[in-house]
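Next come two complexes built around chain A: one with chain B, the other with chain C.
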Partner chain A sequence: MGGFYIDWSGELVAFFAFAVVMIVGAVLMLTLTKVVHMVASLAAVFLGLGGMFVVLEAEFVAFTQVLLYAGAVTILLIFGIMMTDHQAVQREPVRPAHEIVSAVASIVLFGILFYAIRTTEFAPSAPPLQAGVDNAMEIGKQLYTQHVIPFELVSVLLTVAFIGAIVIAKKEAE
Partner chain B sequence: MLSSYLTMAAILFCIGLYGALTKRNAVIVLMSVELMLNSVNLNLVAFSKYGVVPSLTGQIFSLFTISVAAAEVAVGVAILIALFRSRGSANVDEFNEMRR
Partner chain C sequence: MTKWLEQPLSWENALFFTAMAVVFLLIVLLYVVYAILFERKVLGWMQWRHGPNRLGPWGMFQTVADVLKLLFKEDTIPRKADRALFIIAPALCYAPSFAVLAVIPYTRELYFADLNVAVVYYAALSAISTIAIVLGGWASNNKYSLLGGMRSGAQMISYEVPLVLSIVGTVMMTGSMNLRKIVEAQGDWFWQWNFLPQIIGFGVFLVAAVSELNRSPFDLPEAESELVAGYHTEYSGFRFAFFMLAEYVYMFAIAGLASVLFLGGWRPPAPFLDFIPGIVWMILKMAFVIFFLFWLRATMPRVRIDQLMGFAWKVLLPLAILNVFVTAVGLELFIKG
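So, the complex of A and B:
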């Protein structure tokens, strides 16, 4: 027989379903003309990525992804659009040379990455991580023991960033 | 299975790179950067399950990446609003004071 044999496991089917959603969303984000539609298709990409995290048995990361990206970041970007260009429509490209060079650069980068992924021999590893049962509890334990200093630093970073964002976006007193 | 996830992340990263290089609206550029950051998260979680040494550290790393990206979006949108207020435009090719 030989040839190309694919073992259609449930993980592979779910992977392809989410991959189709993500690629269609990402391509639509580039090709749609109204900015609000672009944000909606970006939300589809974020939701697909959350589903892919569930397939990878990273439930806590998946729900963080849905809450933070598909919820907060999407809403924040919509507010950014409302505060800048209301009826924003992407204008016709005025620099085709620039676009062609960018497309060639992206495709060449993808070619290099694809070649590297295909030719690398990943060492036969231990059996894959089974983190599905108590995933959130295990992550919480590690966050508060091993990684407690980066955790506190991130909380300081978030506070500083949000106060800074408010100060920057505030109307200046004349 | 690992290489499928890595290829998926590479596709997302390249689409995001093309968007960040070609789009003129600064909000769209910010969205493309978010797409690239997300593809890195996919790599981290995939290696945390199928890597040579599978462990939870990859997922914890991706949680840190997500929170730093959230801070980045908030500051980015705030800077955009301030720029739009002073310049009346949200196109990245009109913000060229540093070049003069």
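So, the complex of A and C:
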């Protein structure tokens, strides 16, 4: 065992295709200068992530991801940009010290994550959740039995946020 | 298709699926060509005129000629437009519209994907088209396009909420989001189909669907009297054709979805009529829904943008939520209890 033996299956090809989409999208997001282009490449990252969930057989999460992030959040960002920012191109001032520190920080973060992922062993004892057949149903069962209190708390939180948004908008209107 | 979909994916299967997709694409393109002709004819008849009647018998080749004209037209890109987004937008708008057709079961045997979250899949992919329309409107660098794109984004996001919520009642009655199971769960007689117990849901679904399609009376994004042509003002040639194609393919998809969710899918209206194959019933139901959309367009005047947005949030959304509650209570009292 050990080393990187790669068995080329369709799943792996799909994984790499979506990974390339996500990484290219993320890099473009950071390097492009027009804000709308950035949002478009961010949408590509969201779509790639949705595809990744499909590869993992989590269809419900995948399409919820596409619906909420690639759909709603991206549109919201585009609206926000169009309504507030009149200067479409943003130029960052060059700060070499800042860039070096962030490069070191991200390499360290990558190292920690890589080490953690390589050394983790999943305990095979717990019975695996049979989510492959109808995972929307399984997620629903989990949400309404085991995780019902966090679920309700999140819905209260969202309602509060919703009412807060209305209050702020009302205040602005007056 | 069941046999093919359950096999592991080999090269032969992949080739077969690709061939099926191409054949289906050709069928859909043929449908679009004749849907446009039929729309113009129906509008003509309802407004007491002939509609296209010059090219071929009964004007049969009018849209074929129109498509050829669009393909050979000069492809213009405005100099101040954002080139990359301007080019990507029409394709990004069209691709999801064809992809959503995969989950709609046309008969018990003929379906392209047996997906357990088909309803969410449909909503998710149609949201991508919205982004494409907004981006296309923005990239044109034209105030009418931008306004059309913004209107379209606001409208499609607003109406997606009641559209999805109106489906929830049907999903609750079936206990599955798989469109094939939803059809299987509907009864043999036509009064056992979902449109009667879910009459509120069906109404909300139809109104929200017309708005999602950006069709008259809700065609604010391309209101020609105020916005020239809305988000596709600057588009010409085949890029314009792609936007139109997406609209008509979405019409096909919505018709399929309405038939499957509320009108019994491939089922005949009475059990003794089942000697007629399911595909005929499915086509009849889809044709009926599509005709209904043409009929609305010929009859209704366009609404104002603030009326449109108010209608979504103040009328359709509460109705859809009410429908979810009523369905839950009804299921608890009469079906399970």
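To be clear about the criterion, the second predicted complex is superposed on the first by the 146 of 174 C-alpha atoms of A that agree within 3 Å, B and C clash if a C-alpha of one lies under 4 Å from a C-alpha of the other, contacts with A are read in each partner's own complex, and residues count from 1 in each chain.
The rule is simple: a residue touches a chain if its C-beta (ideal position, glycine included) is under 8 Å from a C-beta of that chain, and two chains touch if they have at least 3 such contacts.
None of the values given here were measured: they were computed from a predicted structure.
Engineer: Clash or fit: what happens to chain B and chain C when chain A is overlaid?
Structural biologist: Here the two partners, once superposed via chain A, fit next to each other without clashing.
Engineer: Looking at the overlay, what does A:L113 touch: chain B (first), chain C (second), both, or neither?
Structural biologist: After superposition on chain A, A:L113 lies in contact with chain B alone.
Engineer: Which partner does A:I168 reach: the first (chain B), the second (chain C), both, or neither?
Structural biologist: A:I168 contacts chain B only, not chain C.
Engineer: Go through the superposed model and pick first if A:T64 touches only chain B, second if only chain C, both, or neither.
Structural biologist: both
Engineer: Quick one: is A:A105 in contact with chain B, with chain C, with both, or with neither? Answer first, second, both or neither.
Structural biologist: A:A105 sits against chain B, while chain C stays out of touch.
Engineer: Go through the superposed model and pick first if A:P150 touches only chain B, second if only chain C, both, or neither.
Structural biologist: first
Engineer: Once the structures are superposed on A, label A:D134 by its partner contacts, choosing first (chain B), second (chain C), both or neither.
Structural biologist: Only chain C; A:D134 stays clear of chain B.
Engineer: Looking at the overlay, what does A:A14 touch: chain B (first), chain C (second), both, or neither?
Structural biologist: A:A14 contacts neither chain B nor chain C.
Engineer: By the touch definition at the top of the document, which applies to A:I23: first (chain B), second (chain C), both, or neither?
Structural biologist: first
Engineer: Check the residue A:F79 against both partner chains and state whether it touches chain B (first), chain C (second), both, or neither.
Structural biologist: Both: A:F79 reaches chain B and chain C.
Engineer: Determine, for the superposed model, which of the two partners chain B and chain C contacts more residues of chain A.
Structural biologist: B
Engineer: Note down the smallest distance between any C-alpha of chain B and any C-alpha of chain C in the overlay, whole angstrom.
Structural biologist: Scanning every C-alpha pair, the shortest chain B to chain C distance is 14 Å.
Engineer: Does any part of chain A touch chain B in one structure and chain C in the other, and if so which residues?
Structural biologist: Shared contact residues on chain A (touching chain B in one complex, chain C in the other): 60, 64, 72, 79, 135.
Engineer: Taking the touch rule as given, give the residues of chain A at its contact with chain B in the complex, in rising order.
Structural biologist: 11-12, 15, 19, 22-23, 26-27, 29-30, 35, 38-39, 42, 45-46, 49, 52-53, 56-58, 60-61, 64-65, 68-69, 72-73, 76-77, 79-81, 83-85, 88, 90-91, 93, 98-99, 102-103, 105-107, 109-110, 113-114, 117-118, 122-123, 125-129, 131, 135, 138-139, 142-143, 147, 150, 154, 157-158, 161-162, 164-166, 168-169, 171
Engineer: Residues of chain B touching chain A in their complex?
Structural biologist: 1-8, 10-19, 21-28, 30-32, 34-35, 38, 41-42, 45-46, 48-57, 59-60, 62-64, 66-75, 77-82, 84-85, 90
Engineer: How about chain C: which of its residues touch chain A in the complex?
Structural biologist: It comes out as residues 9, 82, 84-85, 88, 115-117, 120-121, 123-125, 127-128, 130-131, 134-135, 138, 146, 150, 153-154, 157, 160, 176-178.
Engineer: For chain A, which residues are in contact with chain C within the complex?
Structural biologist: These residues of chain A touch chain C: 10, 34, 36-37, 40, 43, 47, 50, 59-60, 63-64, 66-67, 70-72, 74-75, 78-79, 82, 133-137.
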